[in-house]
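Structures incoming, each one as structure tokens.
One chain, chain A, appears in both complexes that follow, with chain B as partner in the first and chain C in the second.
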Partner chain A sequence: MIRAAARIGLAIVLLVAACAILAPAIAPYDPARSSLDSLQGPSAAHWLGTDELGRDMLSRVIYGARTSLLVGAGAAFVSLLIGAPVGLFAGYLGGGADRLAVPVIDLFIAMPGLVLALIITVMVGPSLPNLVIVLGLVMWPSVARLVRGQTLAVREMAFIEAAVVAGGSAGWIIRRHIWPNVARVVAAQFALTVSLAIITSASLSFLGLGIPPPTPDWGSMVRSGYDYIGVNPVMSLAPGAAIAFTVLGFYLLGSSVE
Partner chain B sequence: MTGSTERRSEPILAVEELEVGFSVGDRTIRAVNGVSFSIAPSEALAIVGESGSGKSTTGLAVMGLIQRTKQVHISGQVRLKSKTGRVCDVLELPARALRQVRGNDIAMIFQEPMSSLNPVYSIGSQIAEAVALHRRMSRADSLARALELLEQLSVPNPDKCLVSYPHQLSGGMRQRVMIAMALSCEPRLLIADEPTTALDVTVQAQIIELLKQVQAQTGMAIIFITHNLGIVSEIAHRTLVMYAGEVVESVSAAELFERPGMPYTAALLQSLPRIAADRAPATKLAAIPGSVPSAGALPTGCRFHPRCAHFLAKTCDAARPMLEACAPGHWVRCHRWRDIGDFAA
Partner chain C sequence: MMLRLVGQRLLYAIPTVFVLTALLFFSVTTILGSPASMMLGEDASPQAIAELNAQYGFDRPALEQYVDWLGRAMHADFGRSFTTREPVASAIAAALPVTLELAVLSIALAALAAVTLNSLPTARRVIRPLVVGANLVGIAMPNFVIGIALIFAFSVSLRWLPSTGWVPWSQGLSTHVRHLVMPVLTLSAYYFGAFSLVYRAELREAYRRFYIRTARAKGASETRVAFKHALPNAVLPVITFAGLSMGQLIGGAVVTETVFSMPGMGRLFVGAIAGRDFPVMLAIGMLVVFGVVIMNLITDLLYRLVNPQIRLG
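For the complex of A and B:
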């Protein structure tokens, strides 16, 4: 059961990744090329129809995978970059470091991520690199909390005591002995973090604070399709389905490898 | 007295009046009280006692593993003669210097060989890493050193052992690997905290034999922390018996079994199971009544008096006895050692 979920998740992720990498080869049109055939429903020429500028929806959805994966993986990586060291040091050193880190982590977790991301994005302005950093800043506390918990468990193991006795410094013990034992769980969490980042970035884009046009982005596509939902519902539904599909893939992968 | 010449050579470790206390709420639990001993190269010292007697705490303090904090009080001296010949007090060393001592001057092995190895690394890389902590060496050289150590410890198929992971080895093998790691930087003192407790009896004997062999080869001093008197007879030159945080007897291993001075030691010896032809099989094993007092609620006077068969009211429960010499090289903490022991006054 769990194996099957992991396989399906992996298949979805690979499929989306293939779309992202091979986009120029498999997309039937240039995603930025507009034409006079605007707001058309699905047809043989345009499988998913066209948007308000006559751009091919299928091509835009395929290219959108690039943006989503880039933002998702990038944000998850940034959150790992901040969260893992904080969790490792707070968990291993304990004492003052831990008493400082835990309230900060709790404070960030208590705030709704989307609202926090909105506020920061408004301050720094929407762009792809900014989005990656902002989402990373919003999501690192859950990574830190997970890593800290795992570190506390590993710290009590006899081989850590043996490493102390062998003369290892705190940094060395964390790097060589704790991190490799914590990394497995973090890897599982990574996929979940990616799915959360994708859905949050899509929400930001839907609210108009995501990737600026003309870069094809699923969240922004759902937003622009929303204005024409009575005329051409596929314009919103297709990128929406792509978001759901991708998030499901990462979620299945992340929640089943633990 | 056997071993007295060895004892006169300059000690590599001298512990003086070691005190360790832990504050819990508004009470202080005195885990170790005024423990003093010294150990010379090639000497094997056993520290014997029940759980809670302070023997492991003493070992941890010697390694500098007990940090002074608001709740942890530690005083006394742990003077170590390092490889460079300098004498330092482990308790006062800054963290960086302490890391130089650990693994390099003093090594330690533990009770749980099952969990003392990191599951994610191969044996070879773990030993190599311990080597590289204190020696500037290439990866290839430190792996070669790891192989050499495993050979020295007569591990069968050492090449295969190097590339295996901890879960693939038996308990005895893992303890050998732990010993190899401990020996990797040629320490002058090895602290073995119940190293054989988790092992089968036959494997126990092998490990003890191995440690004796290594000691003969390297002249390393060994502190054996144990509750197993059988091990004491096999390896130790001298024994420190601890009870409720203090040393109650210090004696050569031979004399320990011949004429123990302290009633507690005598009772411990009597509670050893023995195979004796002249004893009826139905004889019950002697046990010491009661249990070790908690370090937060110590009895007055002699700490062993509530459990002692030779208890004398107004003597044993009045003043705390001192450690007195009852014979050359034999010290005992008992008011009544003259009356009950086998000593010519």
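For the complex of A and C:
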């Protein structure tokens, strides 16, 4: 059951990744090229119809995989970059460092992530690199909490004691002995972090504070398609399904690797 | 003992509120630039900006402004909105009940559904895949996609329900409820997925215990085992999670209210963000901080009250 879920998740992720990499080869049209055939329903020429500017929806959905994966993986990486060192040092050093880090981590986990992301985005301005950083800033506390928990467990092992007796410095022990043992769990969590990042970035785009046009982005596509739901429902439902499909893939992968 | 606990937690909660609101205030004021230039637009003359700054007191030191703002906020005076010129407090007073109703109904429905459906004995093979499927939908589908799919199905295609908008109680109960059905379903789908995840993990743990074996040995039916023995031992984390979700209600409602054009706190906040409406942003930000800190405090205390094994940290 669990292994089947992991396989399905992996298959979905690979399929989306293939779409992202091969986009120029498999997309039937240039995603930015507009035409006079606007707001058309699905047809042989345009499998998913066209949007309000006459752009081919299928091509835009395929290219949207690039944006989504880039933001998802980038944001998860940034959250790891901040969260892992905080969790490692708090967990290994304990004492004052831990007492300072834990309340901050708990508090930011309790904050509604989307509200936090909206406030930071309006300050720094919406753009693709900013979005990656903002999402990383919102998500690092859960990574830090996981890494801290794992570090606490590994710290009690005999080989750590041996490393301390051998005269290793804290930094060296963390790098050489703790991190390799924590990394496996973090890697499993990484897929879950990516799925959360994709949902949050899509929500920001839907609220109008995501990636600015004309970059093909699923959240923004749903937003503009929503205005025409009575005319061409595929315009919002297709990119919406693409988001759900991708998130599901990363979720199944992440939750079954543990 | 209990009083000391409350005191200790408050001692921690109060500085948290101060630090967070200060962080919010200073980052919004310094990074977004002076409120006057925001109100007048980028083309305004420096003189006009300076005049307005002086009029509102925006030219004073930041710390003084913060203390002043906080002092007024304590008396529910958040100033006036830059865009509507309406007092922020009355805008919030109008929006809060909408969000409260939406959030309370959604969270209650989701918690009830998650606990009941996931408790149904695994023997009923027909239901299980449906429940797991619904869990996955709640987890993987963003709120706005669920909302739009519902609108497409029930408003555009079937024409059963009004697509968007909100009607107060006073204009008829049935119209009010008809406008509320899809938003509540949308928001509860998300919570349903999250609550189920927690509850199922807890349930697996409960089923390993001896009291389950004892109950079965005594001849209790699987349904009785599930609802009388496993449920009470697994439900606590769901209650905690539901409480914490109430603290985040504005965050949960942002997307749903935008999809369904409901005049609640979430949409007020999104409007304030879009219009750089500084007093509204600050006021809602402060309410979010308050909500989170207070609900954390309450769930923490309740948890300790219910389970005395957890000692003071």
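Here is the rule we use: the second predicted complex is superposed on the first by the 258 of 258 C-alpha atoms of A that agree within 3 Å, B and C clash if a C-alpha of one lies under 4 Å from a C-alpha of the other, contacts with A are read in each partner's own complex, and residues count from 1 in each chain.
Here is the rule we use: contacts are C-beta pairs under 8 Å (C-beta built on N, C-alpha and C of every residue); 3 or more make two chains touch, one makes a residue touch a chain.
Being a predicted model, the structure only gives us computed values, none of them experimental.
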Fit or clash - chain C, chain B, common chain A: fit
Partner chain(s) touched by A:N181 [first = chain B, second = chain C, both, neither]: first
Partner chain(s) touched by A:G230 [first = chain B, second = chain C, both, neither]: second
Which superposed partner A:I199 touches (first chain B, second chain C, both, neither): second
Partner chain in contact with A:T50 - chain B first, chain C second, else both or neither: neither
Dominant toucher of chain A (residue count), chain B or chain C: C
Partner chain in contact with A:S256 - chain B first, chain C second, else both or neither: neither
Chain B versus chain C as contact partner of A:E161, first or second or both or neither: first
Partner chain in contact with A:V222 - chain B first, chain C second, else both or neither: second
First (chain B), second (chain C), both or neither touched by A:T151: neither
Shortest span in Å between Cα atoms of chain B and of chain C, once chain A is used as the common reference: 15
Common interface positions of chain A, toward chain B and toward chain C: none
Complex contact set, residues of chain B against chain A: 63, 65, 99-104, 107-108, 110, 112, 114-121, 129-130, 133-134, 178, 181
Residues of chain A that touch chain C when the two form their complex: 103, 107, 110-115, 118-119, 122-124, 195, 199, 202-203, 206-209, 219, 222, 226, 229-230, 233, 236-237, 240-241, 243-244, 247-248, 251
Residues of chain C that touch chain A when the two form their complex: 12, 16, 20, 24, 27-28, 31-32, 136-137, 139-145, 148-149, 151-152, 156, 244, 247-248, 250-252, 254-255, 258-259, 269-270, 273-274, 276, 281, 285, 288, 292, 296
Sites on chain A touched by chain B in the complex: 157-159, 161-169, 172, 176-177, 180-181
